[in-house]
Amino acid sequence: MQRFLKRFSQKAGLPPGSLVHIGDPHTDEVKIKGIRYSETEFEEFAVPDNEALLHLQEMDGIIWLQVEGMHQPEKISALGEIFSLHILTQEDILNTGQRPKMEEFDNYLFLVGKILSFDEETSVVEEKHFCLVLMPHVILSFHEAGANIFATVKNRLQKPNGKIRKKSTDYLAYALFDAMVDNYFLVLEKIGAQIEELEEEILTEPSRESLEWLHFLKRELTVLRKSVWPIRDVINSLIRSDSDLILEDTLKYFMDIYDHTMQIIETLEAFRDVTASLFDIYLSGISNRMNAVMKVLTVIATIFIPLTFIVGIYGMNFSYMPELTWKWGYFVILAIMAILGTGMALYFKRKDWF
Amino acid sequence: MQRFLKRFSQKAGLPPGSLVHIGDPHTDEVKIKGIRYSETEFEEFAVPDNEALLHLQEMDGIIWLQVEGMHQPEKISALGEIFSLHILTQEDILNTGQRPKMEEFDNYLFLVGKILSFDEETSVVEEKHFCLVLMPHVILSFHEAGANIFATVKNRLQKPNGKIRKKSTDYLAYALFDAMVDNYFLVLEKIGAQIEELEEEILTEPSRESLEWLHFLKRELTVLRKSVWPIRDVINSLIRSDSDLILEDTLKYFMDIYDHTMQIIETLEAFRDVTASLFDIYLSGISNRMNAVMKVLTVIATIFIPLTFIVGIYGMNFSYMPELTWKWGYFVILAIMAILGTGMALYFKRKDWF
Amino acid sequence: MQRFLKRFSQKAGLPPGSLVHIGDPHTDEVKIKGIRYSETEFEEFAVPDNEALLHLQEMDGIIWLQVEGMHQPEKISALGEIFSLHILTQEDILNTGQRPKMEEFDNYLFLVGKILSFDEETSVVEEKHFCLVLMPHVILSFHEAGANIFATVKNRLQKPNGKIRKKSTDYLAYALFDAMVDNYFLVLEKIGAQIEELEEEILTEPSRESLEWLHFLKRELTVLRKSVWPIRDVINSLIRSDSDLILEDTLKYFMDIYDHTMQIIETLEAFRDVTASLFDIYLSGISNRMNAVMKVLTVIATIFIPLTFIVGIYGMNFSYMPELTWKWGYFVILAIMAILGTGMALYFKRKDWF
Amino acid sequence: MQRFLKRFSQKAGLPPGSLVHIGDPHTDEVKIKGIRYSETEFEEFAVPDNEALLHLQEMDGIIWLQVEGMHQPEKISALGEIFSLHILTQEDILNTGQRPKMEEFDNYLFLVGKILSFDEETSVVEEKHFCLVLMPHVILSFHEAGANIFATVKNRLQKPNGKIRKKSTDYLAYALFDAMVDNYFLVLEKIGAQIEELEEEILTEPSRESLEWLHFLKRELTVLRKSVWPIRDVINSLIRSDSDLILEDTLKYFMDIYDHTMQIIETLEAFRDVTASLFDIYLSGISNRMNAVMKVLTVIATIFIPLTFIVGIYGMNFSYMPELTWKWGYFVILAIMAILGTGMALYFKRKDWF
Amino acid sequence: MQRFLKRFSQKAGLPPGSLVHIGDPHTDEVKIKGIRYSETEFEEFAVPDNEALLHLQEMDGIIWLQVEGMHQPEKISALGEIFSLHILTQEDILNTGQRPKMEEFDNYLFLVGKILSFDEETSVVEEKHFCLVLMPHVILSFHEAGANIFATVKNRLQKPNGKIRKKSTDYLAYALFDAMVDNYFLVLEKIGAQIEELEEEILTEPSRESLEWLHFLKRELTVLRKSVWPIRDVINSLIRSDSDLILEDTLKYFMDIYDHTMQIIETLEAFRDVTASLFDIYLSGISNRMNAVMKVLTVIATIFIPLTFIVGIYGMNFSYMPELTWKWGYFVILAIMAILGTGMALYFKRKDWF
């Protein structure tokens, strides 16, 4: 069940605080992109090496560092040193199997989320790791390669008069989480479309494949559920924490995300209900088809077995069987059998058996 | 599963605070109707354009603005500016998929509900968006076209001595939510009637169609549940909030609505229990019918196969078979077979197999 | 599902505070009986008309007004005026579908309960509305006609030295609720007896009727559950309220009722478990019977089809078939078939197929 | 369902505070045994009549009165008067169907528990009533005859240096409850052994009897659950109460019981899971057997029906059928049929059908 | 169900505080190994007998005593005396069936956990008892033989500059619990791999063995669940306790374990969902196979029974049957039957029956 558990064995036996990447192996370089903005300025800059990071502290405005990929522990550890991240935070960033959570530290807030995508070909929900370190003037975002859904946030930052430019780091954090949760709706919509299609199929012509599809969808709903439920708790504890890093004004926005998470959860539960009902229909469909097969057999057998008995009688070799010598005996018997057979066929017809 | 998720993709990728209508497209104009009343006065007025809204603030008494339709963001945004509605409130008004919630702002209370209707033809629960902005002297109600169940409230306002005329905006809000929740009972009654009809059908002559009907009803119960559960929380947080906008005296009335919501929820759960039990009955009905078919086949086969064997014996061509030459051999055999056949038929009759 | 929802449509569209009777129509007059008692006195009196009610306030001791029937809004409203009952209270009294609840008002406590009865003929739980208004010296009880289970309480009041005579109105309220809850045990016992009978039937000879009976019992358990769960909350909020109307000393008694309610709920849940298990047994019973039918068919077919094949061989008309001309050929074949048939029969016997 | 509800009808209609025994009738005398102990002394004494009880108060040390049987209300009432027990306490002692609870009174703590036993013959859990009244120097224990599991506690009291001798009444109460809960483990072990045996049976050769056994075990687990869950609440409210009667030091011990209760509950839930899974296996076992039966039928029919058709062909009486006159026609046909039959048999063999 | 309940009967009837080993019998000696470390020192020492324990108190630095095996009550009791362990603590150490818990005593914290392992051969989760006594300068760990997963912790202690060397006993406790919980992931991964394998098997070629395997996996998930849920509570109450023994700084680390426990629980629940769905698929697989068998039977019977009837007709011995004397009668009939048979075969082919 790789779908529920990411390579934890990679870490077992290591001391806490061991910085090891847990997740699928990658060969490409971890990329770090920097954005610096204030109400009046917007600037993108590259972070070619760790050295470049040392100058970040001196910059004005708000700095957003986007780290793409978390498979190079040394890079994460360098960032950790510069921004004094707790060793557990560094560990959690490297562990792509870490469940969503919110943790308060003295100098920063640490948020873990999940970016989901749904492959319509294979009906598989893919989960990408996503972390956020929120400091007064700096925000660090970490996400696995291929999970970049934050382009729109960057676009908004580029617009000179965007509200987001006037706000603090907490609003940027909100914008990123909002993008993440909005993306869940897209995943849900795709799954919903598949369930609808499957419903149609199961109601009209269910097959063994329908069942497997149903099973996969149910499993993916379970994966989804496992990702989304903790998100609710993350947002909730963010709202209830009284960290100075979250301004009163931004709370309303986070409450909006909370609301969306609730909606996703409710939709998920509704989907589970529907898939359960679909399995019931599939099951009774099999029984119905078996019923139909049985009826065919029974109709055929019930009509022909008695007739075969009758022809058997006149195939007996008794020396004295008066009917055999009657001139029209043969035709009389044929007629009787025709009447009998038709009668039974009509009877079954009336009973709606075929 | 359009039934559970309204076109969220329309919004994905947009920044928070983007005013976009989320829901089915409409072509007609959003209509705004105004009512102004006090203990002594009652007046209806038209709001032809945004300009007319500017004069509202100067009016005496309580003003109720009914906005029908939420598909024109510019109208909502104009109202938002005049009454200083938070950008998130405006967004929630435009999002017809927004789940029920209650939010307190500095200058107003924001309530989201759902108006439900049940189409008896298609067995589909239709959900219409409904929002309420409650201010000291003004109440704004937003509802999708075709969801106007508030005519009776208006009628009561017209009566010179109605209690509602003497009360504040919170009582009007109560009256509107009460109308909304009362309407749920009607939906429940209709669904209840269909369940009853279906129960009758499944107990007497279940068919494939019964199962599909059952599936649809279960799905609609899920939709209903998804709408009603959050309503309970809305009312509950309204009662527990200590907003100045809700007077002590009105609380009792909201508690009455809470009570009704609980009753609806309990009835929904009872319906779910009953539909689950109905599926069980349907399933065992299929098995019972298969049993009946099998019994017919078995009775026929068990009676005629042995007899056919007997006639087969006397159809053999051995040169020395003494019975064949006996004068009454044929009739003796016929008699034996008649006895055997009747005996077995009686045996099955006694075992209640046909 | 009339069983879960009482004619709510009667009320829909009416303003809150409209005094309308919701429930089955009645033609008889609402009867009001009065009892006045103190430690030393006991007196019954008639309340022929509303006028008589006006003198109640001047009476000494504790007054218990028993109102039988709630289908005449004008009577309830007259009582409401005399005892200053809130309009919502009056509404709740008239609404026989109102769920159990407890509400505190400035001058009184309002309690709603349900009186249940179980018709053993039809296996239907009937629910009667029951309300109590508790004031310092007066207690008003309202119950639907045919639901009078309070005769024993009256008898106790008549006894000169009964403890109940020395206590306040809260103790009388307790006595009435205690009678109501004790009555639930009787209903449970009757249902329990039916479940036991049904269990016996399903374990020995299940039939289609058993299934329907099971379905009805399950449905009635759902009805029961819907009535009893809220009662628990009523008693609980009564205990936790610090109303002056409930004396410290009486609390212990209400806690005793709470305890009984818990016991009823636990028993209900146990019944649900048992009925679920009974359905499982019923279902596997059908499968078992089908198995038995299939075995009969298979045994008969497996014994006779090969034998019929053999006799078919010797019925062929080949000109050269040596066996046919052997003197004892016929008997040898008969013997072979007898051995084969018996052998197979024994084989099936040993496999326990019949 | 006598198993879930004890003769409540015996009490219905009686006023609260009526002292009536509720439970199975008994004819023997209620026995009271007394034990008096202190750190240095231990003495058993008989309590022949109520008079003897009057002298108890004057005794030194701790007094433990063991009342065996609760079917003589007058005896309970006498004790109640001497020790000033609340009328509701007396009622609860007499009601053997009373669910476990803990109640604090001014002068004593009242505890109700259940002593369970499991009859391995009938697979029935028997529940015996058990009450404890805990006062500063006196402890009253009430249990139904045949439920004495407290012999070991008495033995410990007899030992001169036992810790129990140095402790107060609360420790004795703990010791008794501990004995009661320890006894549950024995019941669980016996049921567990039966489930194991049943698992073996259902996995190897399930029968109709397995199903009934399973049903009975499930029912008894329900009974057990109904007894044990409230015990947890009893112990919990005992720990949370700040009664002077429970010393700080003894709390740790009660927490130990709480822990054991949790373990019993978890084991019960695990048993429920396993029995549910066993039913699933039973059900699919039936289907598997039906499959096997069907395969036998199909194999036989598929092999012999076509062969019978072939022999039928050569049994036809056409005047011109060339094959019939061939010298080796008969043997060629026999050979063809042998090949056909063997071929089909091998085919089914390869498909693993028999 | 030995799997859920460990030999409790061994203890039943013993007074609380009786030091008896509860669990599988062992014959080997209980081994005690000592480690003493501080920031600068690390030393292992043997504890050959109880006497050696007396000198422990005088040592500097932090002392970790590893007790392997808990089947010699006298050894535990000796330790208990030296370190003043409460009698209940000693009892819990000896009871290998004790569920996970956390208890605060005046001078120490007592933690109970479970070390799990999964035998891939037998699909059995084995549970080993594990206790920890946490004191300011001493930590006692108790584990059953064969459950030593703490080698890595020891290795870390040996490294001169390890963080663990600079920390207090609470960090060591954390390290041990972390190792325990990390080990759960390994168990989960192995079970997950088996579920995946089983899923493959059930989807492609389910057999009776698949069902048994599924049943065993479900049972083991139940065992696992029973162990892991209480661990969550242990860690939670550890975090919430304000014991001086847990330093502020270490709390973050324990919260990390809490997080892991949550992840394990969520994965367990997901596994339960998947296994439930797999059973559904297995069940419908049986039905599908039965369907296939029925179809074979029906096809064969439907094709050949009518044909056999036809050949039966021309096997009749009527003296006047014109067809029989036609020259090509035989071949005409053969042709007719060939057409009929092929027609029906094609019909079934088109209906996809074989």
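Just so it is clear, A, B, C, D and E label the chains in written order, and each chain counts residues from 1 on its own.
Here is the rule we go by: contacts are C-beta pairs under 8 Å (C-beta built on N, C-alpha and C of every residue); 3 or more make two chains touch, one makes a residue touch a chain.
Computed from a predicted structure; not experimentally measured.
Trainee: Spelling it out: a chain qualifies if it touches chain B and also touches chain D; which chains qualify?
Mentor: Touches both chain B and chain D: C.
Trainee: Centroid from C-alpha atoms only, then distance chain A to chain B, rounded to Å. What do you get?
Mentor: The answer is 26 Å.
Trainee: Report, in whole Å, the distance between the mean C-alpha point of chain C and the mean C-alpha point of chain E.
Mentor: It comes to 42 Å between the two C-alpha centres.
Trainee: If I count partner chains per residue in chain D, which residues reach a count of at least 2?
Mentor: 283, 287, 290, 294, 297, 301, 305, 308, 312, 315-317, 321
Trainee: Please trace the ring of touching chains beginning with chain A, moving first to chain E, and write out the chain order.
Mentor: Starting from chain A with chain E next, the chains run A, E, D, C, B.
Trainee: Quick one: in the complex, what on chain E touches chain A?
Mentor: 152-153, 156, 162-164, 174-175, 178, 182-183, 185-186, 188-189, 192-193, 195-196, 203, 252-253, 255-256, 259, 262-263, 266-267, 270-271, 273-274, 277-278, 280-281, 283-284, 287-288, 290-291, 294-295, 297-298, 301-302, 305-306, 308-309, 312-313, 315-321, 353
Trainee: Going by the contact rule set out above, which residues of chain C touch chain B in the complex?
Mentor: Residue positions touching the partner: 1-2, 4-5, 8-9, 11-17, 86, 88, 91-92, 97-99, 101, 103, 208, 211-212, 215, 218-219, 222-223, 225-226, 229-230, 279, 282-283, 286-287, 289-290, 293-294, 296-297, 300-301, 304-305, 307-308, 311-312, 314-317, 321, 323-325, 327-330, 333-334.
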